[in-house]
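The structures considered in this document are given below.
Look at the two complexes coming up: chain A is in both, with chain B in one and chain C in the other.
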Partner chain A sequence: MNIRIVKDKAVKNIFLLLTVSSVLLVVLIFIGLYYKSVPILHSTSLSHLLFSSEWKPSKAQFGFAAFIAGTLWVTLIAIVIALPLSLLCAIYLSQYAPRRLTRFLNPLIDLLSGIPPVVYGVWGVLVVVPFIQEHVAPHFVEYSSGYSVLAGGVVLAIMIFPLIINILGEVFANVPKELSEASLSIGATQWQTIKYVLLKKSRPGIVAAVVLAISRAFGETIAVLMVCGNIPESPHSVFDSCYPLPALIANNYGEMMSVPLYDSALMFAALILFVIIFLFNAGSRIILNRLERRMN
Partner chain B sequence: MINLAPHISVKNLNVYIGDAHILKNISIDIPDKKVTSFIGPSGCGKTTLLKTFNRLLDRQNDVRIEGQVLVDGEDLYGKDTEVTHIRKKMGLLSQRPFPLPMSIYDNIAYGPRIHGIKNKKKLNELVEHHLRSTALWDEVKDRLHSPATRLSIGQQQRLCLARGLAVEPEIILGDEPTSALDPVSTQRIEELFLQLKDKYTLVLVTHILRQARRVSDYIAFIYMGEIIEFGLTEELLLNPKEQLTKDYIKGFIS
Partner chain C sequence: MNKRKIEETFFKGLMHAATIVIVGSLFLILWTVVSKGFHAFNWDMVSKVPEGGFYIGKGGGILNAIIGSVYITVGSALLGLVISIPVVLYLNVYSKKGSRFASATRLAFDVLFGIPSIVYGAFGFTIMVFFGLKTSLLAGIITVTLLIIPILVRAMDEVVRVIPFELSDAAYSLGATRWETAKVLLRQSVPGIITALLLSFGRAIGDAACVLFTAGYTDNIPTSLHQPTATLPLAIFFQLSSPIPEVQERAYAAALILTVIVLIISIAAKYFSKKFSKNKI
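This part shows the complex of A and B:
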């Protein structure tokens, strides 16, 4: 056989192997986490683990409800703040802004996504937390330390902001300009064209951007850990402290050997995080497929 | 040379994109309720000229436009000109059809709705009328609410024509509107153009000489950003005055 045909086949198979092994890694992580969680799953029922907020590791009480609630709350707040802002920002940048301005603003937004999370955390502690404590919370509750769900959500929102803008920028750029021109040529204004054509055509892309942002927000650890107070109780308002799952793992990983079952509990926390993100991605994949099918 | 009242009147138009001088001192009067075709080799500026008529050209970056384009006597490039009502006057057909991401019905109703028609009955009438006038009604009347992208490409182009007609324009601009279509669909579009010219002024860009001959009353030959010759179709094709026009028609330049 010709040597270049052999090479071609070899390359194809090597690439297949590489692809499979990277996918396999995800499976291995899941198996590893599950294996490590087995002890705690044997000692406590799954429903107790998921729905109880008793958290007393020294008494072997492990209930994750407060942590799960903390994670979901912070993520929800972050998206609620970030999505409308970044949507409007992306629309402005892609549809209205003169090129001189975008040439200056786009690198700035890229820079935002390049700042290390710990810097956002410090900024949160120095600016967001005191601001919430002194100026926002007093209008709503008697007392808040400022270390709260809201602080976590605000910091996280600013962190996912550039991510959403970048993805939406791509999404809007992929809408053929002739489609906008078709709408404009009928006498629609720019805003009508954006509302009825651009946003409609981009809907699957917007969903995808939100999904990626939420996945990112679920896992963000250090910046959130620094501003949300880390008290293992379910928050009753956005001004209460909370304790998201990634923060729990990061804070306690060093000392987990000293308490029985603690290591297994933390691995189970990681497993919950993994499963949440997996289910979330799978669910949004289904929604996306349906959206795309409806449009074509 | 042409003594009819002009509908679009271009005066000393110069267009630059970046450093390139795309259109050079163009002056032309497009006659009312006739079909005028721009012919010329690729890259000669014929599409650019068309796009100056509905102000879509200046949406691009680095475009500089000098001179005047008068539509019904109103300067498109005047300081206080409001572009949406000018664009409403001109239906646009692009090289490939771009149906809006909505149903067949909503594609036609889009324009009227944008311009304030909300009455259901009125909208239904408009949709039916314009689908009939583009010979689509019988083909789509049972699936008005299915996505427009499911139509064949020829049907899509007729839908785009109907969508443009629904806002009652005076002018129809076609930028090589049949270049993506099969011969049968092309023929249907050409037939429609011939029907429409009683009521509308049509301006077409085409690189197919036979098409220009079949549908147009007037032809302008554009070469390297300049209008070389403009005249009645038969005169220009059979008896061109300029050497460049002769060469193009014979196929020496393309």
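This part shows the complex of A and C:
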């Protein structure tokens, strides 16, 4: 056989091996984290782990309810703030803004996604936390340190703006132009066209974008950890401190090897995050791929 | 005025406001970091390692963290390229167009792209325990590599995918094998590869959650792969949580340094991707 063909076949097999093994990383992460969480799953029932808020590692009491509640609160606030703003911004950029303006604004929005999480955290500590403590919280509650669900939500919202705007931009671009033109030609205003045609047609895409944003917010660690107070109790209002799951993992890596089952409990927390985010990501990517294929 | 017109004007106003809020938040963040950081910045920060009593406000800088971050970023980017270039070439040259395997692989990388760095960090930690590694530069590089492979693959795949099929057809018609054609495509996408590389630099240098578990922290500049290393995001994080004002000030200056590095990287990435779109055939 020709040496060139042999080389071609050899390269093909090496490349295939690398491709398959890097895809297998998804499975490997699951197996690795599951393997480490087996001890805690043996000692405590799954429902107790998920629904009890008793958190006393030294007494081998591991209940994640407060941390799960913290994660859900922060994520909810972030989405409530980010979704309307990003939706309006994405509509503006794709439908109204002159091209020169979009060419100026898009790189700025990309820049927002390039800022490291820890810098968002510093900004949150310097600006958002004091602002909430001095100007927002006093109108609603007696005392808040500012390190709160709201602070985490605001910082996270800014972090997920670029993600939502970029995906919505693609989704809107995939809506056939003819539909909008038909609507405009029968006398609808541009806003009516957006409301009845564009948004209606891109509803699955919007849902997918939100789900992706939720999973990004779920996993964000350092920025949230720095501003949300880290008190292991379920928050009662947005001005209370909370303690999301990723913050729990990051904060206790140092001491987890010295307390029995602690490391297993934290790896279980990572497993919860992984499974939820995996499902959310896979679901929304499948929706987005389908939308794109329908367009082409 | 007509009711429809009022609605149109109202929502247009809202859109303007939303866009201003979003872009404004970028400038607010940059302004905060620059004004606070510039005040606290001095050249010792970038030229010295921490001296005795650094963490109670005495002299020294964070050169250890800057060098550590550069080591981790460059090391993981190189390792990441070695793995991701073959993946991209396999997807675009060897697998058939529209094959199930290729689309499943792309989906898997989309999903991996969304996995947060804390999960990679925890996974890296389990690997370390499994192989008996200690927190070290090597463990940090491996974990960050896992984090950036999806970024590299997705960014390069986008570039290689849009290379006109005439180019590979021309190569095939001259009798080239798939491997030889792959080399042609690779050459054509060099600017795209550089953009992808810069993107992964930006992500790797700013990430804290991955290295928290795996790279450790030290006041020295590592001299071998088996020593722990400091990183910039962790230097910021640890100094900010100190109760001493001088040390907190340093965190602001370190945040400024990190932000400037990341901004330079993203602007360079923009430049290269623009250059690429000019050279399109």
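Simple rule for what comes next: the second predicted complex is superposed on the first by the 255 of 296 C-alpha atoms of A that agree within 3 Å, B and C clash if a C-alpha of one lies under 4 Å from a C-alpha of the other, contacts with A are read in each partner's own complex, and residues count from 1 in each chain.
The rule we apply is simple: a contact is a pair of C-beta atoms (placed from the backbone, for glycine too) under 8 Å apart; a residue touches a chain by one contact, two chains touch by 3 or more.
All figures in this text were calculated on a predicted structure; none of them were measured in a lab.
J.: Identify the partner contact of A:Thr189: answer first if only chain B is touched, second if only chain C is, both if each is, neither if none is.
T.: After superposition on chain A, A:Thr189 lies in contact with both partners, chain B and chain C.
J.: Counting only touches as set out at the top, which of chain B and chain C does A:Lys200 meet: first, second, both, neither?
T.: In the superposition, A:Lys200 contacts chain B only.
J.: Once the structures are superposed on A, label A:Arg103 by its partner contacts, choosing first (chain B), second (chain C), both or neither.
T.: neither
J.: Residues of chain A touched by chain B versus by chain C: which partner has the larger set?
T.: C
J.: One more residue to check, A:Arg290. First (chain B), second (chain C), both or neither?
T.: After superposition on chain A, A:Arg290 lies in contact with neither partner.
J.: Kindly classify A:His135 by the partners it touches after superposition: chain B alone (first), chain C alone (second), both, or neither?
T.: So A:His135 meets neither chain B nor chain C here.
J.: Between chain B (first) and chain C (second), which, if any, makes contact with A:Ser22: first, second, both or neither?
T.: In the superposition, A:Ser22 touches chain C alone.
J.: Tell me the contact category for A:His42 with respect to chain B and chain C: first, second, both or neither.
T.: Neither partner.
J.: List the residues of chain A that touch chain B in one complex and chain C in the other.
T.: Common interface on chain A, chain B vs chain C: 189, 192.
J.: Can you tell me which positions in chain A touch chain B when the two form their complex?
T.: By the definition above, chain A touches chain B via 99, 176, 178-179, 181-189, 192, 196-197, 200-201, 294-296.
J.: For the complex, give me every residue of chain B touching chain A.
T.: These residues of chain B touch chain A: 54, 56, 59, 61, 84-85, 87-88, 90-92, 94, 96, 98, 100-102, 110-111, 114-115, 147, 149-150, 160, 163-164, 166-167, 173.
J.: Could you pull out which chain A residues touch chain C in their complex?
T.: For this pair, the touching residues of chain A are 4-5, 7-8, 11-12, 14-16, 18-19, 22-23, 25-26, 28-29, 32-33, 35-36, 84-89, 91-93, 96-97, 105, 107-112, 114-123, 125-127, 158, 161, 165, 189-192, 212, 215-216, 218-222, 226, 246, 249-250, 253, 266-267, 270, 273-274, 277-278, 280-282, 285-286, 289.
J.: Enumerate the contact residues on chain C facing chain A in the complex.
T.: Per the touch definition, chain C meets chain A at residues 4-5, 7-8, 11-12, 14-19, 21-23, 25-26, 28-29, 32-33, 36, 83-84, 86-87, 89-91, 94, 103-105, 107-112, 114-123, 125-127, 129-130, 146, 149, 153, 177-180, 182, 202, 205-209, 212-213, 233, 236-237, 240, 251-252, 255, 258-259, 262-263, 265-266, 270.
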